[in-house]
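First chain written, first letter: the chains are A, B and C, and each begins at residue 1.
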Amino acid sequence: MTENYRTFSNGVPMSTVSVEEGRDGREPGRQTVAILGSGDYSRSLAGRLVRAGFPVAVGSRDPDRNARFFTQGAAVTNRRAALSGAGLVFVAIHRENYPALQADRDALAGKILIDVSNNTEIHEGESNAEYLARSFPDSTVVKGFNVLSAWSLSSGLFGGSKEVFICSDDNNARKTVMQLAQDLGFVPVDYGSLRAAREIEAIPLRLLPSWHLALKMFLGVFIIFFLYCLYRVVIFRAITGTNQASHIPVSVMNMTFAGTAITLLCLVYIPGIFAAFTQLYNGTKYKRFPNWLDKWMLARKQLGLLSLLASIVHAFLSFMIWSPSYYARLFEQTATPSGDVKYGKLRWSGETFLLFGALSLFLMTVLGVSSIPSVTNAMNWREFNLVQSKLGWAVLIFAIVHNAVYGAEVFTLPGLFSSYTIAVFQLTLVLPAILVLMKVVISLPCVGSRVDRIRRGWERNKPPSRVAAPEDPQEETSLMS
Amino acid sequence: MTENYRTFSNGVPMSTVSVEEGRDGREPGRQTVAILGSGDYSRSLAGRLVRAGFPVAVGSRDPDRNARFFTQGAAVTNRRAALSGAGLVFVAIHRENYPALQADRDALAGKILIDVSNNTEIHEGESNAEYLARSFPDSTVVKGFNVLSAWSLSSGLFGGSKEVFICSDDNNARKTVMQLAQDLGFVPVDYGSLRAAREIEAIPLRLLPSWHLALKMFLGVFIIFFLYCLYRVVIFRAITGTNQASHIPVSVMNMTFAGTAITLLCLVYIPGIFAAFTQLYNGTKYKRFPNWLDKWMLARKQLGLLSLLASIVHAFLSFMIWSPSYYARLFEQTATPSGDVKYGKLRWSGETFLLFGALSLFLMTVLGVSSIPSVTNAMNWREFNLVQSKLGWAVLIFAIVHNAVYGAEVFTLPGLFSSYTIAVFQLTLVLPAILVLMKVVISLPCVGSRVDRIRRGWERNKPPSRVAAPEDPQEETSLMS
Amino acid sequence: MTENYRTFSNGVPMSTVSVEEGRDGREPGRQTVAILGSGDYSRSLAGRLVRAGFPVAVGSRDPDRNARFFTQGAAVTNRRAALSGAGLVFVAIHRENYPALQADRDALAGKILIDVSNNTEIHEGESNAEYLARSFPDSTVVKGFNVLSAWSLSSGLFGGSKEVFICSDDNNARKTVMQLAQDLGFVPVDYGSLRAAREIEAIPLRLLPSWHLALKMFLGVFIIFFLYCLYRVVIFRAITGTNQASHIPVSVMNMTFAGTAITLLCLVYIPGIFAAFTQLYNGTKYKRFPNWLDKWMLARKQLGLLSLLASIVHAFLSFMIWSPSYYARLFEQTATPSGDVKYGKLRWSGETFLLFGALSLFLMTVLGVSSIPSVTNAMNWREFNLVQSKLGWAVLIFAIVHNAVYGAEVFTLPGLFSSYTIAVFQLTLVLPAILVLMKVVISLPCVGSRVDRIRRGWERNKPPSRVAAPEDPQEETSLMS
């Protein structure tokens, strides 16, 4: 079912599913491919092979029971029968069942065994494929196809990544299987020796590794801001006698998300600046960055997207509490005959505040959209760089103005410092201020030109001739900073 | 023009269009390819063939007039001349014009005819390709390339699906054409015998088949909620004398969209639960699900997206009427000296209500984004499952809280039941309550563990040894439930 | 770093980066590939070649220093050593350094040189590749691989466009390099003779060419509306003594974005209508459209997306000023005992106004999503046409109603014309009105049927027999209009 779902998530309509039923475009002179195991994966694989014109023999423990699950093009039989006359053997069974294959050890000898297995959790040391190779020294083991789901195999229209990672200690076997992958409509990627099976088996177990660091940073920033706002808005006032607890869900959360959004955005652009300074300091680009900086760089896109999400929640919450009751000072005020205050339209500050908020959120959304893989891939570097770098800085500037105008408005409030802390909007502005300052420095002609030279291959401790040294024509001198 | 548009919709900039003009990278020793017909498709195809280095001869009724439309690399001539010396012949004319080809029957004999035609509506029975084969028994007919638009052919940068579906009763002819497709930069998919042309010709005629069921469910749910809200808010009150008709467009619609959104979200997760219970009941996963359940499963993604859209409209409408006039009970109230009520900030309930609304909408958007094909394809199963399943349930829980807090607030209102019906928010909560209950049951260790065993291949009516039976290593034991 | 970023923007997790380190799946009997230059690009290329099983020799000015940057599979040595025994030579150095290669002229003779260079700005005349060919007449020059970034080369999982554009005056050399591209997992596109290198080198320098026209139109429309609103809301009233300057940021901007949004949407559908009329006038579809119309057609998608963005900003700003202070006439009004007006819920007009605004924005978002490449590619023409054409017109109609209802409401205001100008909402409706009128005309049976006939190949100045002339079976008779 999940696979159906996955298929659908790739926009493949039901009708296509029936497609691979009952095909038999068997190509003349193609050698039989055997499949051991009769699970969903075997069934889908069989269907795909038959459609691609391969004679298929499925080796099942219980052929009679399982035959009905297979495309009629495939011969479902017992193992020995399946193996006889097959040169390629897909081993589509669990690692723990490999020993059971010893019974057919002789039948497997001299054949190419394709280990398609995956593990349920990452385990160190020997991979399934290496284990299989050790257990059947007379056979040639190739690892591959494990990244495919049963459905990506069976659905002819599957729009997903068609890359399959293949490795083996036998070059010819590897080439044979890579050719097979191509015949089945996939893009084989050569991973070299069988030891690489450890990497290949780890791929399907990945759980958004690229998000770990970004999410940690998000959480950290969020908690800091939340506690700070909590103190300013609730705890401190509670001391002074007014209970604001009922305003935690939106008022406090809203400030928190706002602060988090702008801070994360800064965290997207700071590493680029650091990188530039590091290169300046090293006087070369050929020296590795410290590990933490590398990691941070690789988390930038995720940080940007989390910043966008925080901004959206901030906007949403702001909409709902956008009223004189919450933002009195941004509204025109007149005294009613009955003596109390009547609120009218927004004041200049209020409207400016909103406009810049709107513009930065809206440009940020464009940034987010441009991060959708298929959109990114429609852009060349210059375009990507323009959007991600220039536009990103515009968003940041707008967000700063948005925040500053609001701040300027509430700045005059008595008791701003009465809580022995700076206002949230001030705290929020610290990091952006530092970032902009650094950016200005790095953009000064004297500094900037040197950074560019370094990025074009120049090195401080080399004779000037080096400047003209052959270098990467593809180099992008404009970092994401 | 539409094609231009389509091309653009794939991000191909104008400049590339000129690209295939005036190329002639003719490969030595490649056999001439003939094209019959001089429409847009023929022109684009000719351009693509020439660029790929094939000698091209176009057979036109009126060469002199049509030549100007073709890339200079192609020889535009009359049919007989085009056919002479060509082994492969693209038949790029309408089915109704096939008889006109009988004049060149002898010239077509022994050649491979590629039928690229489409129909304007689905018609049962014989496909165009089969009809062509019947009309020209001395030629070998191959169906293919019909899913390509003139522009996907002509634009070298076209980013769309590159799969072309090919079938023929002659394996060698099919292989030849599949090779040709590959030479042109497409991914051939083998559909087996010529009868499959019926399927292949139906593909371009599909009209969002995967959405039919989901849209029907959406409509059904929407209408039910609309009528119910209409009764509660307008009709019933009209009886009691207050006219609320003017509040149908937003107040009533808003309730309706809210109810629809949360109900559709439930409909995404219910089938998974049903599937689990069915498997428990059957004691095996090897028994087909009832047809209606299969269909429902396949509509889940669409249901989820429709739920997201309903949520967005609901949020939008809520923003606009979010004021004490509509939601008095969620605001702090104080009596003014002048005697009438003055509304202040939100009460605790109001803020909580909003926060959970915001969070569920925002998580739901993440879900929606993760359903964009190119995003989905960047994820492996575990990641996809985490997002679609875990996150989805979080959205549901948040939505329930959002609704319940609001309900709790209005619950005390006099006259809640006065209309002899339960409140909308109550109606809205019925299905989620049932779903959560079922989910809890299925998650109980005793039940859950058995479901997992079944999904790993275990069967009630089999000897225990079966538990270790070879099975699908790719199996995902966590359904989307 | 940027490349890391780019890699990430394609969803490739860090872990895969290590992948190509230390592979050596050298294929037996493959000829050595030489790379001149030791920049990032060379390093990544070397890694990719080694992984694909090619023996690689890197020619560096300073092998000892640079060796550490290369995968251990590659032999980093001096140029002469690298060239000896290599048949294919990647020239990965800057154009200005080509002369430096003259020293190894003899070693390069008879070899295939692959020019992968790019320029930092578009320069007319001779391309780098042609320059290289002129400088080394004894070698065969092939242009290619320049569209790839260092990272798209090194990352096995890179999800981006895999197309590489290749051209050369030597067909065999071109074929060899195209084969190499395929072996490396890319999709070669044949660009013919070496002169095409000018086009190929221009590709990475493109800066969103498809957006230029649309952005100009957007800017033009935006400025016109802004000035008009500025006059109506601020300048004129200033004359009459009321200062509204403080409402420029939101009130004026909001009107401006609203007008821009609906106008741009019209500009999406007008060219289609023009095209139809032009074809009617010409009596054939085989006559080129005027250039401006072609350009306009190709800008439609971008215009649509800009219209969506304007709508979003408009919605955002409207949310924030949505109150009786700004839209008094849309709210129910009651007089308070204290004599001044008290505002209640929305009036019928207010709610209708909102509903249609919400619906059009929401359908427009669906349109936008369907324009994401990977979503578009999951649709066939009919589906794409349904969404882009039918849905688009629905959006337009809803937007018109949204605007008209509001207008009808304020229409009665005294002083509407007092400013000697029509109201903004009226100005906004002019273009939509004209468009709808034209659409109605073109849809009249008598007119429409003729347009269809023309699009199916019929021509006024041809004998009726032509009607049955062979034509494009792929033709879409329903334009985006």
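Rule of thumb we're sticking to: contacts are C-beta pairs under 8 Å (C-beta built on N, C-alpha and C of every residue); 3 or more make two chains touch, one makes a residue touch a chain.
A quick map from chain label to UniProt name: A, B, C = Metalloreductase STEAP3-like isoform X4.
Note that the coordinates shown come from a computational prediction; the quantities given were computed from them, not determined experimentally.
Note on connectivity: the fewest steps through touching chains from chain B to chain C is 1. At the interface between chain A and chain C, under half of the residue numbers appear on both sides, which makes the contact a different-residue one. For the two copies, chain A and chain B, the CA superposition rotation is 120 degrees, given to the nearest 5.
The distance from the centre of chain A to the centre of chain C, each centre being the mean of the chain's C-alpha atoms, comes to 23 Å.
Multi-chain contact residues of chain A (touching two or more other chains) are listed as 10-12, 159, 161, 206, 208, 319, 323, 338, 372-375, 377-379. By the touch criterion given at the top, residues 1-6, 8-11, 13-15, 19, 23-28, 36-42, 51-53, 60-62, 69, 92-97, 100, 116-118, 146-150, 156-157, 159-161, 185, 203-208, 245-251, 253, 309, 312-313, 316-317, 319-321, 323, 325-326, 338-340, 372-375, 377-379 of chain C touch chain A in their complex. The touching residues of chain A, counted against chain C in their complex, run 10-12, 159, 161, 163, 165, 167, 171, 174-175, 187, 189-193, 196, 199, 202, 206, 208-210, 271-272, 275, 286, 289, 294-295, 297-298, 300-302, 315, 319, 322-323, 336-338, 342-348, 351-352, 354-355, 358-359, 361-362, 365-366, 369, 371-386, 388, 457, 468-476, 478-480.
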